[in-house]
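Dropping the structures in below, format is structure tokens.
In the two complexes that follow, subunit A is the common piece, with subunit B as its partner first and subunit C second.
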Partner chain A sequence: MKISESENPDRLRDKKLIAPANFSVRDQVSDAGSPALEKFTALENATVVQRSLEAGAVLAGRAATAEFGFGLNGDACLKNFTSQAADLAFMADLAGEPRYAAAAGGRFGFKPSHGTVSRAGLIGLMPSLEAVGLLGNHPADVAAAMAEIAGFDGKDFSLEAEPLAGFPVRPPKTESKPVLGRPAGCEARLSPAAREIFSAGLKKLEGAGFPVREVPWPGDETFRDLHRVIGSVEASSSCGKFDGVRYGLRADSANNWNDMYLKTRAASFSTFLKTLLFQGAFFQFESYGTFERAARIRARLIREIGQLFETVDLIISPVRPETPAAESAREVDQTYAAFSLTLPANVTGCPALAFSLSGGREASDPGLQVMGGFRSDAFLLACGKRLFETLTGGA
Partner chain B sequence: MTTKYEAVVGLEIHVQLNAATKMFCDCPNRFGDEPNQNTCPICLWFPGASAQLSREVVEKAVGVAMTLNCTINQRSRFDQKVYYYPDLPKGFQLSQFHRPLAGNGWVEITGEDGALRRLRIRTLHLEEDVAKLVHETEGKTRVSLVDFNRAGCPLVEIVTEPDMRSPYEAMEFVNAIRTLVPGAGGAECSLERGTMRVDANISLRPAGSQELNVKVEVKNMNSVRGIGDAIAYEIKRQQELIQKGEAIILHTRLWDPKSGRTLPMREKFSGPCVPDPSVPEVVISDQWLAEIKNGLPEIPARKQLRFVEEYGLTETEAAGLTVSPESADYSEAVIRAGIPARLAAQWIAGRLLPAAARRGLTLAETKITPERLAGLLALVENGKINPNAGRQLLELLFEDGRTPAEIAREQGLDQAADSGELEKILARVLAENPRAVEDFRKGRSQSLGFLTGQAVRLSGGKADPRLIRQKLEEKLRSE
Partner chain C sequence: MDYRKRTGCGKLRPADIGREVCLAGWVDARRDHGDLLFIHLRDISGIVQVVFNVQAGSLYEAAGRLKEEYCVLITGQVVRRLEGTENPALETGDIEIKAAGLEIISASKTPPFPISEKAMTAGASVKGTEGVEEDLRLQYRYLDLRRPSLQKHLVNRYRIIKAARDFLDSRGFIEVETPTLTRSTPEGARDYLVPSRLHPGNFYALPQSPQLFKQLLMVGGLERYFQVVRCYRDEDLRPNRQPEFTQLDLEASFIDEEFIYELMEEALVRMFAVAGISLPRPFPRISYREAMETTGTDRPDLRFDLRLVEATDLFRNTGYAIFRKIIGQGGRIKGLIVRGKSEILSKNVLQNEYAREIVPGFGAKGMTWMRVAGGKLESNIVQFFNPGEQQAILERFQAEDGSVIMMIADTSSETVLSALGQLRLHLARRLELIPGNKYHPVWVTGFPLFEATEAGLTSKHHPFTAPDRTDFDPADRPGLLSLNSRAYDLVVNGEELGGGSIRINDARVQRRIFQALDLSEAEVEEKFGFFVRALDYGTPPHGGLALGLDRVASMILGTASIRDVIAFPKNRSAVCPLTQAPAPVTPEQLAELHLAGEGELKISGRREEDPVKRLAWVSRLGYEESERNELKKAVEAAADLAGRIEKLPADAEPVYSPSRPGNRMRPGRTASKYPGVEKKDLFRNAPAVKNGHFKVANILE
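And then the complex of A and B:
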């Protein structure tokens, strides 16, 4: 064994990495799946890309994304991950995208706590909800990547100042099993077949000695509405910079700047995204009180979920409800329906991981999501590894 | 019966901070460069770039807030002022609305009746500047060009309470800001150069009532005089509307200094203020706050006190020297050169500053360095020239770059050079006034004053009365 390897067991030597089009890669087109950024070439690497390359990872390819990474319609990350036999992929997690993709495709998906991984170079949409997510084959790869990419970055002042404790992730010293909280009613949106797979998974965990407890849970609708109000307002603001003045698409045949502005913005966004932007603008201009209320309720929910983690170690739930698949969602409503089980982690800023219960073999597999307390990322990944191995045999 | 109306005026003042960089990036905070020279992915809001708030900007803004007696909010946040206009690179302007940096400040002015008036500041907050739009024509096509050099430059906005009742009070408030804020070292505050912009909100109400009526905002005043004139015009315009029974409508007007009128302007669509999710909360620890406080240059009031204690000046004298940081520094340099503080105070506040003001010059723009004034005052102090000659010499120093002693000698202001003539004058006075001489010898000392006066008159006012008196007394006693 090389000395360097024994000293740096967690580094990303020769790991094949996919960086989708919403992660800036220097001198390469990074259009974030948006007509607004057609042919837009990034000036520098996103911090997470740069850090991975410095830790020995190899950029195996790029991947198309949904418009600004919201949803999975148009996303080719999972496909390229498989075709490139990649080890890791970055995926922006706005509502649960990498977790959903992992559960559907037999991979391991992770969303870190908000403010722990630099978003510099991520072409984002909803700053307070989104995080740099990861897709991997195995929890160990994701944990190793987190050890490299998390932490202070002078280019992203929104990061928490305190370093994230617990990295590199080590196996727990004790044999005691984490207590799993199961939100009441979390299986309600599953098909009978999916419910069966999920219940079997739970039984297996209980059989292996993981205590499972039901915990009270705010309705899915609450999280969804909060995400929708806050996310649409943030999206509306974020997209304000796409005006055709400095870069990206500019409509020609405009008579004056105002005309140019309107024509450029009309051509820059899909109908799907425009729906969201109009909603955001509505809350900004016409119903600001709704936004304020949403922000207040969100703060209360964050407190309540924080208190929940005083009674259980982790919160488990399915990942994919019985709706049309996220990949085929053509309307904002459908996208929200598809991500109804994953977006609580975005609203609360908590870390969450997800994987398939059937190794991606069962189409009706709803997957398992495990959410940890805020900034308990290392603990969550350590437990995630144990749960993953228990349920999948480590495959 | 006619109702008497009073004006209610509040000001919104944007002051450009003189920090080295822009507010959220490392681009220089500098003007007059080639268009779009001072830009980067952050201030052009390239996708993936995020704001990096400058520590220096926060410190300068806190310094300004402290100078204006504001309470510092140790936790403040940025909001997005959402509007779509090409001078904004991202569709919103980062400003502080819901949780500003500071507030509850005040400034004291002398009212028209001579009494002190305390005018309150509601909030003081950070705000980034916007880009500059240039509209041109290329051939027959009209083109709009954007210069982003100014985009993201650091501003503080000072919002007053509607405490002012006249154009005079608004002008005095602006004057106070122009004196106090540069004194704190955080900003230049030049209306003429655009480093300070003042908008006024004006409404009328029946005198004595407490109501706040529909206000009209007036912009584009680029001098203190202009601020006064614009407010006066707007008050008159509103009075006339009320007399005609017409309603005042909330809108913005542009001051046109050429025609001396305000004209309605088309407004930028102004939207809501949404908390910004990306720029972190600005947290100012107790320790940081103390550091900023210690690092501040002396505020004028404290400086004035120090001048009283250290140099033994009266409060009036000290106030005269500390009207601006420039005059205070100048005075200290003159005093350090060995000139008694009181003499320096009399000459700087009483003669030099008015003489410079008559010429429309700041002290730094005149030829009269502290060293040259000290040279002049040394001549006066040592009796080489009398105060009258000193005044003439001061005027000459504005034009002539030679040393005060050289000029005095050449212009015959130097009384030492004329000692022969002085002797003649004294001899003539003594010869022509035997009665007065006799009186002095009998012990009536007031006749010495009479003789001195005669000698001064004969010298054409050039001779120093003190010196003459001294010499006359010597002669009378020795004979």
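And then the complex of A and C:
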């Protein structure tokens, strides 16, 4: 039951697609970048892969991914996207990975609203925070792909029942420009050079008639802390299935069931991921109240961000703060620091897109992120195209 | 109504026709025919059918309100059932009660599982408790106990124990109770400990057996003691093991082995007779060594033949390299012969099942097999044996056409015996060599007194067992290992039902045994000083035995599990689902018992103090020592994070997903088999597969 079923079955004809190793591709190794799934061969295509192929896309290649797609350390999606001259790539968005990669690499990255695109076949880590993200050259490709992949899938029980409205994305009928909200202090984490590029971009938008207003913002630390509590608990829970029984790595010389678990799981995860899993275990077994409290605070933030969209149409911010690049993050703390500006969309489930302000030419380019209200994906992509064309000359 | 006039439901017979009776019990089942309403009324004596007629007006209406397991009082008249409606499944099946009065004593909620075991009409099926989770039955054991079959088991258990009590009484034994709060002594298994409130830091132990007390009773001159006694062992979980179990424990003075054999054979004959089983006497005896050499176990199942045959000497000069090498390393070769079953034991079964899978599972590295046809041996390795060796094999095993010879070779004699012993049982079960309803008791005697360990010696039974001679040198290890004990085990159908020994009654011999075990005087004093001192005061010769009553009752009554002969057993995880024992206690209780510090609880052995180790265990996530520091920092950071979250306002209802899932129930989908099942796709990524299942490590050690 795809959104575009009655529209045009050939919308992705000959589009070259990259499916990273955390997306299942039938009969191919899909290890999700994890020792736990070393040599794991997928039995079925992920729903999004299957739907893209049915719509005419061509699988141009796979790509290594960070462990279970969390962060960009070890991720080769952007690199393969460029070397294969691809049109589209799937990228799991746990903390903002495709948006960050797009802003750094001169591409267009998109994270859909939570619960709109099937995650069946995505080897994920944080179910309530992650979404199937997309990387493309142009907003139109991403919008076309969204029209194919979004919608009901009986294999994913976390999808919303109602189909996502507004697809296929068409140009707005009015010429009126959307009102852009700029979170107070959102440039605080930028270097002077990055701040200059970002301000120039805003000026350009205002010059083109897009109204920009400052909006109150809960603070990046709150989003980071919530993501970390909820994400670590969900990761600990998700990784429970990697026990070496039915698939994946099995450690040698286990004396008994418990021993098999301990040894297998010791060898299944990197130290990087284990630090997150131990934190998740801490909240699950020793401080469950913290997890529940985080879920309450998350509800408040979802409500408050929702109220912001009653006063502005979109929220804009930079993508990449002044921290060591996400690709080089060796510790979970560093990963969270690199994604501090993209986490709000994961915590609130809102859609967000991102692109480079300099076409990937300036190393200090912080990129532009545009977040829309929950399930306003089609509107966001339509506006995103106008912003993208205004700022990049329409490439 | 007057309960004194009550009659047992199951006692009524055609001779009672015409009698006015008063019955009380539970509604076992009901059946409504419109104008007639039938119920089965059940009490401990059995079941009888009661009929309510629509013409009885309000009585019939009241009966209409009855549900299963209501506790009721019924009056009525015994009448003969209409011809053709008799129920042969009931002992009362020729009659029924025409109801005249009904009183609902106590209503019942719908039980969580069916209790009725008797169909209301001849030939109809009964749902029964098959398929009901055992833990659910144990959680509602008081309902489970209403099942006639379980009641029968408990009644018969009582009769079995009573038979033993009566018999021992007739032989001059008296029942004496020994303490259950006692001192921890080394008995082989772990003790259940009871903390002492009055003596901080000190513990009682629940007895693993009353061993020392019963010997002290002999020192005390009681001469003939027995006790039906509860014992406790904190051992690892096994399917048919209970943390507390009941023993028939006995001890007598001025006796020898023959006294015990005669006494216990007679006792056991009487106990088995409760279920109509006749045990043949006298029980045969077999030495430990013969049992091991011919059956591979000291618990031989002698209901079928299949004996192990020595073959090492046949291959001293063989050209078969594997055998030659094993013999060269001091190993041995033994085998067994199965006659007339070569059709079932095909080459494929022997090679692919037994040699590759089954026998390696018994601990042996491999198995050699040969089939006999046309007076010759056939197998993939026969070519390695010269004609003389082949002939010797045929003669040694007395092989004939249609026989199959299976041999195991190993450098360890224990491995050869143990693997062949297990193979013997496996073959017997598979080839249906074990006759049903046959009971084969046997005394196993002549056990070695000591076993060698890496550190030295250990007692095969316990250190109070008398040796077969007392002229040993406690420093002569080979000499000690050649000593036999005066112990005996009683084995029936391959199951050890009991065991005992003649004890040491000479304090000097006892001290030399302790020396042989390398126990210092201080250690002896610490562990059993109170007992050894008693031996200095004119101890009579004595001996005894303990019988595992749960096991004995289970065997006599033919139950699948010993839990079926125990009223309130623990489950396989040593938990009581009814009371949820073991359960946490309050910090106040712990403090009172000096098991908690001030502030944070410190329960030795229950809560791992190191947070990284603790979390690694609860989430079954191991780590390398090199990762430890980072994990420790991460857990500390999580605690800081919890502190920050605590400071943020949190007034809303919690949200666990930003979207609202609409298809949790997957509308329009019906259950179906995953197509990959047929293609064995599910095993494509499996780390280990065996016989069409995912193979995993043992759940229990």
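Methods note: the second predicted complex is superposed on the first by the 386 of 395 C-alpha atoms of A that agree within 3 Å, B and C clash if a C-alpha of one lies under 4 Å from a C-alpha of the other, contacts with A are read in each partner's own complex, and residues count from 1 in each chain.
To be clear about the criterion, a residue touches a chain if its C-beta (ideal position, glycine included) is under 8 Å from a C-beta of that chain, and two chains touch if they have at least 3 such contacts.
Bear in mind the structure is a predicted one, so any value in this text is a computation, not a measurement.
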item: Three-chain arrangement built on subunit A, subunit B and subunit C clash or fit; value: clash
item: Touching partner for A:249 - first (subunit B), second (subunit C), both, neither; value: second
item: Contacts of A:364 with subunit B and subunit C, given as first, second, both or neither; value: neither
item: Partner touching more residues of subunit A, whether subunit B or subunit C; value: C
item: Subunit B versus subunit C as contact partner of A:28, first or second or both or neither; value: neither
item: Partner chain(s) touched by A:123 [first = subunit B, second = subunit C, both, neither]; value: first
item: Subunit B versus subunit C as contact partner of A:84, first or second or both or neither; value: neither
item: Touching partner for A:233 - first (subunit B), second (subunit C), both, neither; value: first
item: Contacts of A:263 with subunit B and subunit C, given as first, second, both or neither; value: second
item: Which superposed partner A:137 touches (first subunit B, second subunit C, both, neither); value: neither
item: Contacts of A:285 with subunit B and subunit C, given as first, second, both or neither; value: both
item: Subunit B region in steric overlap with subunit C, selected from 290-298, 344-352 or 470-478; value: 344-352
item: Where subunit A meets both subunit C and subunit B, residue numbers; value: 40, 43, 127-128, 154, 156-158, 236, 240, 243, 245-247, 256-257, 261, 284-285, 295
item: Touching residues on subunit B, where the partner in the complex is subunit A; value: 41, 44-53, 80, 82, 84, 86, 88-92, 142, 144, 146, 148, 271-272, 274-280
item: Residue ranges of subunit A in contact with subunit B within the complex; value: 24, 30, 32, 37, 40, 42-44, 46, 119-124, 126-128, 154-158, 233-234, 236-237, 239-241, 243, 245-247, 256-257, 261, 284-285, 288, 291, 295
item: Subunit A contact footprint on subunit C (complex, rising order); value: 611-612, 615-624, 627, 630-631, 633-635, 637-639, 641-642, 644-646, 648-664, 666, 668-669, 676, 681-682, 684-688, 694, 696-701
item: List of subunit A residues in touch with subunit C within their complex; value: 39-41, 43, 113-116, 127-128, 152, 154, 156-162, 222, 225-226, 228-229, 232, 236, 240, 243-250, 254-263, 265-266, 269, 271, 274-279, 281-287, 290, 292-300, 302-303, 332-333, 347-350, 374
